[in-house]
Amino acid sequence: MITLLMLAPVGLPVLGALAYLLFGWRPATAWIAAGAAAGELAAAIGLAAVVDLSGPQIAVGGLARVDALSVFMLLVIGTVGLLATAASPSYLAAEIRAGRASMRTAARHSLLVQAFLAAMASAVLAADLGGLWIAIEATTIVTAFLVGQRRTRAAVEAAWKYVVICSTGIALALLGALLLNYAAQHTPVRPGLNLVGLIAAAHTLDPAVTKIAVAMLVIGFGTKAGLAPLHAWLPDAHSQAPAPVSALMSGVLLSVAFYAILRVKLVADAVLGAGFARALLLVMALASLALAASLLIAQRDYKRMLAYSSIEHLALIATGAAVGGPLAMAAVLLHMLGHGLAKGVLFLGAGQLSQTDGTSRIAQIRAVAARQPVLAGCLGFGVLALIGLPPFSIFASELGIARAGFAAGLGWFTAIALSLTAVAGAVLVIHVSRMLLGTPAEGPGAATASPRLPAAAGAVLLAGLTLSAALGVTAGPLTGLLHSAAVIAVGTP
Amino acid sequence: MSETTYVQLLYLACGGLLLTSVLMLWRRELAVLIRVFAVQGFALAVIAGLAALHHGGIELGAVAVGILVLRVGILPWLLRRAVAAVGPASRETRPLVNVAASLLVAAVLTLLAYAVSRPLVELAPAAATSAIPIGVAVVLIGFFVLITRRRAPSQLVGFLLMDNGITAVGLLTTAGVALTVELGVALDVLLAVLVLQILTGRMRETFGDTDVAELRELHD
Amino acid sequence: MSALGIVGGVVQPLAVVAGSPVLVGMMRQVRARLEGRAGPGIAQPWRDLRKLFGKEPIAPRGTGVVFRAAPYALVATTLVVSFVAPLATVDSPLDPVADLFAVVALLTAGTVALALAGLDTGTAFGGMGASREMTIVALVEPTLLVAVFALSVPVGSTNLAAIVSSTLRDPARAISPASLLAAVALVIVIVAETGRLPVDNPSTHLELTMVHEAMVLEYAGPDLALVELASAMRLGVFLALLANLFVPWGIATTAGPFAVLGGVLALAVKVVVLGLALAVGEVFLAKLRLFRVPELLAGSFLLALLAVAASFFLA
Amino acid sequence: MNPTGLALGVALVLGVFAAVLGAATRKHLRARAVGAVTALCGAAGTIAGISAMCGTRYYAAFPALLPLSGVTITVDSTSGLFLAVTGAVAFVSAVYGVGYARADANGRLPQAVFPLFVITMMLVVSAGNVGALLVCWELMALCSLVLVLTEHHRRPEVARAGRWYAVMTHLGFVAILAGLLVFTAAADDDTFPALRVAAHHLSPTTASVVFVATLLGFGSKAGVVPLHVWLPRAHPEAPSHVSALMSAAMVNLGVYGIVRVGFDLLGGGQRWWWLLTLALGGISAVYGILHAAMSTDLKRLLGYSTTENMGLVLIGLGAAGLVADDPVVAGLALAAALLHMVNHAAFKTVLFLAAGSVQRGAGSRDLDALGGLSGPMPFTTAAFGLGALAASALPPGTAFVSEWLLLQALIHARPSAGAAAVVMMPIAVAAVALTAGLAVATFVKAFGVGFLGRPRSAGAAAARESPASMTAALGIAVAVCAVLAVLPTILLSQLGSLASGLLRTGSPAAMDGIVVRLVGVSGALSPLMLAVVSVGAALGLVAVVRLVLTRQARRAARLWDCGAGPLSARMEYTATSFAEPLQRVFDDVVQPETDVDVTHARESAYLVEAIEFRNRVLDRIERWLYTPLLRAVSVWAAAARRLATGSVHRYLGYGFYTLCGLLILLAVTR
Amino acid sequence: MLRLWRRIWRIGRAAEPAPAGPVGDRPAVAAGWRGSVQVRHVDAGSCNGCEIEIAAAFGPVYDAERYGARLVASPRHADALLVTGPVTRNMAEPLRRTHDAVPSPRVVVAVGDCARDCGVFASAYGVVGPVRDVIPVDLEVAGCPPRPEAITEALRKLTGR
């Protein structure tokens, strides 16, 4: 039973992928993707209940393991996955109508998205670092073609950069994993790369080797998480990928990669004490924040803008992780979920906008609020959610991170991070307000009626915002899970 | 096989590994690069084979065979296809850093690798582990190739060079990772290369060239 | 509310209303004599007022209730001040109103009413006069307040009666540096506030140089009478306040008839002396250009501020 | 649940209900429904506030709300004052909104957000822990931002104002956040009692960081110079009932923050904090009123006047903190500051609502295009006139009493305070005095040019009076203003005990219902007597003149135009020309920009065809502080763009160099 | 300043002693003014000769002010209009308006021959006529220009002093 429940998050998308492989994309199969994502979410909820009742579970011959932290990540994947896949049918239909895609492309898109979901689910379910690494590398491979789906020059360029930079980064992580394995091999218990075993054997691991390994792993997985220095693939890939894929990549993939860092950090803290990983993460986080904030200021493309905002948020998450402690970790996890929801909504909304307006330049879009009030409302409130205004949950998580940061004696770093976040937030508001507000242009072109937001897409956007707002008001049933996940992420001192 | 033979062969193979890496920095023709890469793959396979013989693991033997197939057979073949498809004009790599400087950098990187790898060697001093720095050096040289080579296929080679280095480190740490993981890793690398090869093709279709440095459309 | 206060409340407004036009007439007479003219006599302002009250009131078209009410507000505020301030008697019928800040603000309120009336006419001259008057007020009021502050700090109260009786008790205070600086500052701002030379020329016929006159160009008959009466009363009240703040001697401290009579007489003497000095001074002064006036007022503001500083540091 | 909690709960429920109505009802019912329910909500908030001020405290904790933080509600007497003010302003604005919003701001979003704005403001002052305070603060900012943007599709300035507001409020929030979190880090948890305990063992540096950060953050909300730049943009561009709410209620919350953190939580603290507060207040007061005096946009003028009045409040707060050793004077200063805040709320409500009526009735808020409104808009004119009287601190207006109290506090500050106070007090008095003088000129301009005289534009000529709901709201606000003006005693005793509670001292003022009598120092004032005597004198005078002196009827005559043709409205003094002498006086401070364009006739360069003169008064602080800042930011942004050139080699290089550097570091430091 | 003092001291009173009271009728409307009249001067087209004499009348030597007459800046403040010159076409309407602006009771004094019968400008093309053709005249002062004594006397008739 538990095995089945643990296989479901991977299996359902794989079945969905098979369905698309066999039947292609058509109205009848369009909603399979969302169904699989919903199933994944349901399985995640089921697992959450199981884990809550009877603690961590192991299945599939020790290859898969689930605890509160991974269940929480599964919930993030399921939720944002459901949002993205639910918005996909209308998105793909519009792409096909516009002649930018064919039924075959749509089928391949859906197939790859399912594979993507499966890869991410297996990443968080993996019981050892090797499996985790494979799953994360698999996400690169799967999404490469999604990024390059349009086959335009820009799309190919983005895909190339994406694959080259991510593969390079992830190769460093592999080296780190191998070195960690090497260190583990020379301990009495030989835990291999098993995540639990490594922590258990922490006191016998060689610190010097672990240090090198952790550095490689953090930089490597940091690449996938969009942290500096190997962040540069992110704006290109996010701006070129189809909207649902961008939503998934930004909303979930980055978090999943960061989940890997969290796991590595657990080992690092157990072996080296909190200082090393904290310093590494803080430096990377502040560098990423500074970079994202600087590049956001003069940003001219709203999808790239959203991508840089993802870097900023992952940097904030990294700051929280560097701070450590139950409050910071709970905030980090909540931030992942909140960011996933907000960024999902924003990328889906941005997709709608670029479909209707045919451009992703900020300067070419004006007065959306007057033309498409619902879409503008979703984008506007999405940005407000993203910059951390209540009632959206990012407010609560940013507050938690900041509070923990000041309490942990990292006041200056937290203050710098907060200031940079504020700059980024201010800039986001300025850019988006330029697009949303104002009087619609008069003259030729203004007469064409603005297409209405498809009902399904609108519902998805509203649902995402509502969920984000609800989470910001109260975590409700998630509270317990959040706390136990945070306890796991903090590790045992 | 005696201990000395094993050590000498191991060192020979590792030397080959480093030498081929340096050669890849030296030579410009893509075809030559691929041949050198195949040789390096062979050296890697030898290391794996030696480890299998020395430790007597069947798993390691399978890994050696796998490496042979993948790195001497499939990957050079894929690379050759990628190069063959591009016109003769672009069969030569045009490095962003000239060859002399590249070689100098490679020397520095090797030294850095030695310096960094001291704790690795000290953890379990043995013949194999003392060669770990070479693996690390290959990784760094591979990274360097990645950031200085303009042609898509040569960047691919750089990536594979890194990967070879990592595999070498894995083999030299004598701590065979579980076979499933090893398989997964190999599969991922293969897929990554496949993806990159397909993308090279698309790049040629859309840009008419495979000069990566020309990919400057997406910027701020 | 003492008997003395009630007596003062009755006597002072009467004295001010009756005496102020005479004061103005006297000042004009002094000027006339110094200019070699015979002069119309010191009762001339009363003759003018009597005649104006007998004339026809006029409602210029386009003006509203503000225009009508302004003269009454102007006179009423001045009357209230003369009612509550210790001019002839040291007590006030309404002690909680006899506050120096309140008195200054009341007098300013009257000016504001007149400026609004000027704007209400909608003529260019009315607006011009109001604009200039408010510019001057904006600079005069701070000086007044700061000077008041300087006088209040040593006493520890802004109550007029308290200040006056404190000076009576401690005569040395009248010649303290703070007091002298404040006195000079007050003289300057009173000159500005009452529209005398060198800030404003009350007898000008040239609209372009007018300040006070420009605002009242539309008034006729009784309205004009009220305005003229009010400006005379303001002059009288300001001079009386100035006199009593620095030289309070002679003011009635008991409610006896002789004391009150003495208080009124002392007030008359002090005000006449000040008025004569002002009139003589005016003969020797030319009107300043409007944009030189702020320099003068800034100077007096500085003096007042110095007075405050002096009262803080030297106390 | 005690009466305070009950009333607060009712207010919140009503507010949410009004928001639902705003989102759900049909267009023609919406304004009425939202207005009525929001008014009730405001009334309930006022009741809650009054009840809290009378000593009924309310406490509640909701640990499940706001993940990771929890929400605590504490309504004490300090909260009560602000709650009551907010509720009252909300009541009036909501009634006004029935008529006003129907025409101008009747969208679903603004109507739904308006009541939410009200309740978030109420919640800010009711928050009992840092998390709740911060969340409500941001919700309030969010709601006000949405409301400011209501008319964005009509005027491009609205979006610009919204951007300024959003950025400034966001940065201000970060300052508050940092300050309070530094404070919280030293405490057991983030509730106010824990913070009060923690304040005792806070190091002076940390306490200073907390105070300065929160002062900047809360000060920016209060529109304190140099963080005021958003205020004269955002307040004018919002719909007028929102402007009133923002300018009369929201800015107060900045004061609330400073009072709460500075006096209540930190418990006074170091002298230089309050010197800083006093200095900021003085600069704000003078700078604000100076720009108000130069403004020709009626609502912009009112916005700058808000900066001025908040500056005066800060002077009071600063004086209170500065002379904290002398409990009597400190209490007096604090009570004066709070009274001035209440007074400002009252008259600013009147003024903004009246300005809204003008905008609606005459179609413009440019003083240079108004005039002659006393005929067609008598109620509005009367209301604005009384509001202007109150705002210019002349008796018998509201602000007169509080400024009098403030000056009394400054006068009596001397014996106890140190050298800093001795230097600062004269300067503070000079600032207050200068402000008072300029305020008179400013409001004479606003009222005289805007409402009196003759109409300067077709819109003003065709002006019509606002509907009954708007005039009723104006009437209520004017009535409150009048009561505050003549009977401040009913409020002052409460404020006195509130101030003494905050400073932990005795009450500074005693009241006998009519006379404000200071305790411990001499000083008494009776605004009621003053008003009665003034009005009595005026009425008596009218009687004497009408009955005794003149018996002739008024004759209507044409305006004296020197006998030339009829005067046209173009000959009237405008707001610009009215302020011109003042502008010349303060030339060096405001630095107006003037351009003269001379167009010559084609035939000869000596013949002039047209001369165009433009005169603009720009915000100098904006030009000196923000323009270079913005330029620096854009330079920074341009430089940063070189980080993302699109070269994959460069991108990989970042990783390579970092890796090498890290490896070297590891090799060196092992 | 001291020089000015000395000069004032030396010159003393410049005004000539007041001549005997005015002879002739006082306008009836001026009866209630009792020693006070405010005068607004209107130049309806004069050659400025009369103006000089009016100025002289109010100067120190003749000092019309001592009888209670005073020049004012606005017809609203005035009781009497002192009109000089023949009424030109351009000044006819302004003169009427000025007269209308004066609150009653009011008088009009035509000063100089031109104001009385157009003098040398009679029947000139730009002239409407004497003042009485435009507004009612209560008092006339003859002379071209009239002597200051005459003007003063006319004013004394109004003030009654």
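What to note about this one:
In order of appearance the chains are A, B, C, D and E, and numbering begins at 1 in each one.
Everything that follows uses one rule, which is that contacts are C-beta pairs under 8 Å (C-beta built on N, C-alpha and C of every residue); 3 or more make two chains touch, one makes a residue touch a chain.
As the structure is a computational prediction, the values presented were derived from the model and not from experiment.
In terms of the stated touch criterion, the partners common to chain D and chain E are C, listed by label.
The greatest centre-to-centre distance from chain C, using averaged C-alpha positions, is reached by B. Distance from per-chain Cα centroids to the pooled protein Cα centroid is smallest for D.
Chain centres computed from CA atoms place E at the largest separation from chain A. The interface with the largest number of contacting C-beta pairs joins chains C-D.
If you average the CA atoms of chain B and of chain C, the two centres end up 99 Å from each other. Put simply, the C-alpha centre of chain A and that of chain C have 77 angstrom between them. Each chain gets a centre from the mean of its Cα atoms; for chain B and chain E, those two points are 117 Å apart.
With centres taken as mean Cα positions, chain D sits 42 Å from chain A.
Each of residues 160-161, 164, 168, 172, 208, 211-212, 235, 295, 298 in chain A touches at least two other chains. Counting only residues that touch two or more partner chains, chain C has 54-58, 217-218, 221.
Across the assembly, chain E contributes 74, 76, 101, 103-104 as residues in contact with two or more other chains. Chain pairs that touch one another, listed by label: A-B, A-D, B-D, C-D, C-E, D-E. Taken in their complex, chain D has these residues touching chain E: 555, 557-558, 560-564.
In the complex of the two chains, the chain D residues touching chain A come out as 64-69, 109, 131, 134-136, 138-139, 141-142, 149, 152-154, 156, 158-159, 162-163, 166-167, 170-171, 173-174, 177-178, 181-182, 184-185, 190, 633-634, 636-641, 643-644, 648, 650-652, 654-655, 657-659, 662-663, 666, 670. Chain D makes touch with chain B in their complex at residues 640-641, 643-650, 652-653, 655-656, 659-660, 663-664, 666-667, 670. Those residues of chain B that touch chain A in the complex are listed here as 116, 119-120, 122-124, 136, 139, 143, 146, 152, 155, 159, 162-163, 165-166, 169-170, 173-175, 177-178, 180-181, 184-185, 188, 191-192, 195-196, 199, 202-203, 206-207, 212, 215, 217-218, 220. Those residues of chain E lying in contact with chain C across their complex are 1, 4, 8, 11-15, 18, 32-38, 60, 63, 65-68, 70-74, 76-77, 79, 101-105.
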